[in-house]
Amino acid sequence: MGMVGGGVDAFIGAIHRIAANMDGLIELSCGALSIHKEHAIESGRVLFLPKERTYLTFEEMIENESKMPADKRIDFITIVTPNFAHYAPAMMALENGFNVVIEKPMTFTLEEAKSLQKKVEETGLILCLTHTYSGYPMVKQARAMMKEGALGKIRKIYVEYYQGWLSKLSEREGNPQAAWRTDPKKSGKAGAMGDIGTHAAHLAEYISGLKITKLCADLNVVVEGRHLDDDGEVLLKFDNGASGVLIASQVAAGEENNLKIRIYGEKGGIEWAQQEPNTLTVKWLDKPTEILRAGTGYQNILSSFATKNCRTPGGHPEGYLEAFGNIYHNFAQTLLAKMEGKTPTPEILDFPGIEDGVRGMAFIDNVVASGNSDKKWTEYIM
Amino acid sequence: MGMVGGGVDAFIGAIHRIAANMDGLIELSCGALSIHKEHAIESGRVLFLPKERTYLTFEEMIENESKMPADKRIDFITIVTPNFAHYAPAMMALENGFNVVIEKPMTFTLEEAKSLQKKVEETGLILCLTHTYSGYPMVKQARAMMKEGALGKIRKIYVEYYQGWLSKLSEREGNPQAAWRTDPKKSGKAGAMGDIGTHAAHLAEYISGLKITKLCADLNVVVEGRHLDDDGEVLLKFDNGASGVLIASQVAAGEENNLKIRIYGEKGGIEWAQQEPNTLTVKWLDKPTEILRAGTGYQNILSSFATKNCRTPGGHPEGYLEAFGNIYHNFAQTLLAKMEGKTPTPEILDFPGIEDGVRGMAFIDNVVASGNSDKKWTEYIM
Amino acid sequence: MGMVGGGVDAFIGAIHRIAANMDGLIELSCGALSIHKEHAIESGRVLFLPKERTYLTFEEMIENESKMPADKRIDFITIVTPNFAHYAPAMMALENGFNVVIEKPMTFTLEEAKSLQKKVEETGLILCLTHTYSGYPMVKQARAMMKEGALGKIRKIYVEYYQGWLSKLSEREGNPQAAWRTDPKKSGKAGAMGDIGTHAAHLAEYISGLKITKLCADLNVVVEGRHLDDDGEVLLKFDNGASGVLIASQVAAGEENNLKIRIYGEKGGIEWAQQEPNTLTVKWLDKPTEILRAGTGYQNILSSFATKNCRTPGGHPEGYLEAFGNIYHNFAQTLLAKMEGKTPTPEILDFPGIEDGVRGMAFIDNVVASGNSDKKWTEYIM
Amino acid sequence: MGMVGGGVDAFIGAIHRIAANMDGLIELSCGALSIHKEHAIESGRVLFLPKERTYLTFEEMIENESKMPADKRIDFITIVTPNFAHYAPAMMALENGFNVVIEKPMTFTLEEAKSLQKKVEETGLILCLTHTYSGYPMVKQARAMMKEGALGKIRKIYVEYYQGWLSKLSEREGNPQAAWRTDPKKSGKAGAMGDIGTHAAHLAEYISGLKITKLCADLNVVVEGRHLDDDGEVLLKFDNGASGVLIASQVAAGEENNLKIRIYGEKGGIEWAQQEPNTLTVKWLDKPTEILRAGTGYQNILSSFATKNCRTPGGHPEGYLEAFGNIYHNFAQTLLAKMEGKTPTPEILDFPGIEDGVRGMAFIDNVVASGNSDKKWTEYIM
């Protein structure tokens, strides 16, 4: 693995490294860790990178690495830069035969996303998008239950993602994460909707197996002086006729990463919350609520998509890093299978990819369009 | 107290009687308990009513009771019939000098509500509307905190009310409650929005002290064959610029009475859920979350509006009936004070009344209008 | 109903009145509400008692009432005085043909308890002991499940009751409740074990249907200067071979009325906590945990002992007062049945009585004996 | 790192590898992964070990590795075999200059433990004992609060560890973990008390900073046919006069790894539960309960011992593997500091070591002695 961005002190770079390390399948071999020369070099040192593979630009890294012999060369590049700096390294990596792991939202614009999609299709390389929440075992359990129709026809989908960290104008108080997230030149068209709304939309579609077809958005700039939405709520229609609500706010003061989803069908409902991720609550119309738990003794009751994404037995909680690790694990196993000419299992192939990336960028476009419209409903255009 | 409707087996009539009994201030003295003669008589017998005060119609009851000497006559009439049968007994009661307790939504139409309002103003009598949830001590605590600005300026209000009991077409399966609730001739313009949406809207305005000024509604008939909305979601704007979401569904299969409200301001947020009503969670931007509990030892920290609506010390949970009892208690104390020529305390005067009733009927009108509109925003008209 | 003790401002007297009022079956007709003349009179006035039935002593009350005609006379006497003043009015009531409701622990000594038991057996009158927690519907559900062997053979019983209100030497700071509870002359041999340990022991035996046969107690006076145990823990053995632990502390600073019980059998375990009483958690060895809820739609799954002790539908929480009300309700229905020569249903007969009272006093004797012993195990002697 | 035991399919070996991998500081370089030759070789292959460092016995591994040049040689050995096979490799490792990471309970007997202690003191090498639960950030927060006297004098300590996985005679049904855990020849004197009782005792002493001085144990063999205690409860006395209870059961059917601790002092109490480890509840006598959360925005309120053991920001839950990783991380940082001649910070030095190991073995001895005694109290002998 080679990393673009993610110098020491960068939050998400560290997360990617832990997630990649976890299962002993992936090694950080090189990096272009910062656009600031000294920071790049210092970061390489701290991360035990050899000097000759501590690069100053992604171009240098991709060029150099592509010339190395196959058994030394990295297999993939991980891109953890701000949104505006996703496309160029991703495209160059693909063009030079490297697989890609990339942060969401995948690109700066929908056009870039489509362009990457074309390149992925051309090259047959694999692009993995780190929609982390889809890596949790009980999210996968929920998806498996929806797929087999456990709740009957799905009627309602409510997804909400509350954070409080942008409750003040922190971008003016020296918070670098806040600075780029709220800057249209670095983040793109949307703020909260791009950062966490895309996660919520992905989770809703991933679990339900449905697609949003229409939406009605109210996007707000709550903190005065900010340039992008820091809050919004969206009414949703899905392709099977179900309706729902998506809420994403970064000004819900006092909230951490309160992502929660509820889906109701004819026979019952499921509820999952990221802050207690090892539990899936299943409410039934005609019998007592059940609490499904990751890693438990009744493994036969759980889907293989849940059990194969657990590392610990019941009651030893797994968290965000393990969910993240699952995405890397499944991606790495897919690469290994490909190298060995094998077909990965459906459980291993279960990680977000290029189509999710394009759909996420379309979500941003559509939700911003609806936010600007006086009409109630906006058709979801890809 | 004389009761209109609420024969034995009627759910809400029994609830009203328990709530009224609880504090030993109110006695059921007469009733027109059913439009079915035999049921009315049998109900009177079971409830230990004297035969001569077991009436067959509300007209008979009001006529008779108004002729009785002041010390024997009832002080007020409680109306627990279906919505379409609220107005007539309420108006006749007021015209004959009786105070009124009435179920929500207050009337069948907004016009009726305004007509009652006029009569209340003319007569100086008291009308109490049983928006039960505003009777909970920790709801009152939340309201008191908003009033004193504990969270700073309010930015977001999310209120949701999930029930599952109309997940099937129960109105065709002999469920009489389902039958009238889903019948436009008995319930009015709205189904779920009238029954539980009004509760949610009232709670949001009661706690926040704000008023809804614009809304954008998506109302749904989810169960095929039904004639009124059994589900809906509404985007909200409030008079201080805050925005929010109101969700009301009676097809959230597996849910009981999952009413929950979250309000965020500049400094933090509060969260209250009806199914664990003795707890108010206060999340802060810059310090640990606090759990405020009804009836606790730190009484001095709680508002007098909370402490005066508790009957038990901390850790002895109070529930729905006690909240309901608080409304009756405060109403009864207000009547007593009036009789004795005293001014009730602000804590005692704190029960929903005629203005809440008119506003609730306006909510129904506005939410249905928005549901039928292609425009995103509908101005809230009274 | 006539009340001994419970003048206004007395906590438990007010609770009894609300519980008795709740279902419209019982009326407070007379009282000897305080040993202080003026307080007794003032209390009678506030509670709307007629002057001639506002008594100054229980002797006066019982004498007078027993001379009244049967249709005017009270049916039973409720005793809510401190422990040392339970026996005399109870015995006199029974001797004069009145049924009795009495607070726990039933008497001051085990001898008194046995003497009352003899009198109850002689007279055929009914004595009801207000072990409130056995009135909760989900406690009754747990008991019914144990009875039918839902968990297989019971192996472990853990019951704990944490309060914090005696964390300071409040008896010296003008807290009258603390004053008598910690005074051996008023409370008896035991402090915390008498006040809340008896509740815990009763709950364990009530739900499990088992009896304690041996115990090993460590009783502590934690707050210096106190004269009775304010804390203790007890190892238990039951008559089927099960073992367990009972914890009772009144110096668990920050706790309200944290009473919780867990019982494990061969197939699974149940858990119930008084502070969220409408939920019974059932954990299974081989399948997901189930959440049983009072008042829900799947009534057929719940025991009739649970469903007949609910007043509200699912999701409208009932609390401590309703549990208390259930004890009064079932007692009152039993009296009514007896008057009408009918046999009450098993559900109605399900309230704590004289045998529970004797057993509770034996618990106090045994736990204190064990606390004073150097031997590990003390046989439970009745 | 070289590993003794922990071939693929061994639960705890895999956990150790993930924990060690996590932070990119440690590499698995060699192993004697199984006493079964083929399994050892296959495990080495799957774990990408070079053939020449895939050993068949720990003796071979230690001999060989100690001859390698310093820059290639492993720095420490991790021992994850059953209890009876801890001592020999640990002693040989120390004798050959290797630091040691070892599973708990540290040895088979107290004598072995003391012998290891002597060797550690002689050599100045570092032994790290994986009492995982002390690695959780909110456990460290609790310890820091106790240290600074946040609750005043500690009065009560309750610790309980419920598992259900030995509810059946699984050792006879082909469960290898159950087989050795319940076998006195492999596990030692105690079953549940050795496996999970030691964790509970360690947690109680670690957080409180107090030492157990007396105990009174009831140890049970609940499942017929078993040879070691699978359940027990212990009354405790601590060196400051506090008392408490320790419960450890592996027959609590339906439980996963339900480890919970509650400590009460004069001013309030804390509560922490392993199944929701990112939350520390702090209950106060005179003010609302506070919820402290790992990784939150109010970092300045949390102890540096908590914040330095977090990898993710608030609301991104960390779990068991991260707690385990913290132990490895701090141990590795301590080794690094030592190599570089630096003094590690107190936060880094905060991992369980040789003294905890000796104390754990003494706990087993004392608790078994008490279980066999008729006397109530057994003095805790080291």
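Brief remarks on what is shown
In this document, chain identifiers A, B, C and D correspond to the written order of the chains, with residue numbering beginning at 1 in each.
We adopt the following convention: a contact is a pair of C-beta atoms (placed from the backbone, for glycine too) under 8 Å apart; a residue touches a chain by one contact, two chains touch by 3 or more.
Predicted model only: the values in this text are computed from it and were never measured.
Counting C-beta pairs in contact, the pair that comes out ahead of the other among C-D and A-C is C-D.
Placing every chain at the mean of its C-alpha atoms, the farthest one from chain D is found to be B. Distance between chain centres (mean CA atoms), chain B to chain C: 34 Å. Look at where the CA atoms of chain A average out and do the same for chain C: the two points lie 55 Å apart.
Work out the mean CA point of chain C and of chain D, and you get 43 Å between them.
The set of chain B residues that touch two or more partner chains comprises 164, 255, 282, 284-285, 289, 293, 296-297. Taken in their complex, chain C has these residues touching chain B: 11, 14-15, 17-18, 21-24, 28, 47-48, 163-165, 255-258, 274-278, 293, 295-297, 311-322. Those residues of chain B that touch chain D in the shared complex are 282, 284-293, 296-298, 301.
Contact residues on chain C toward chain D in their complex (touch as defined above): 151, 155-156, 158, 160, 164, 167-168, 216, 218, 220, 222, 231, 233, 235, 243-245, 247, 249, 251-255, 262, 264-269, 282-285, 289, 373-377.
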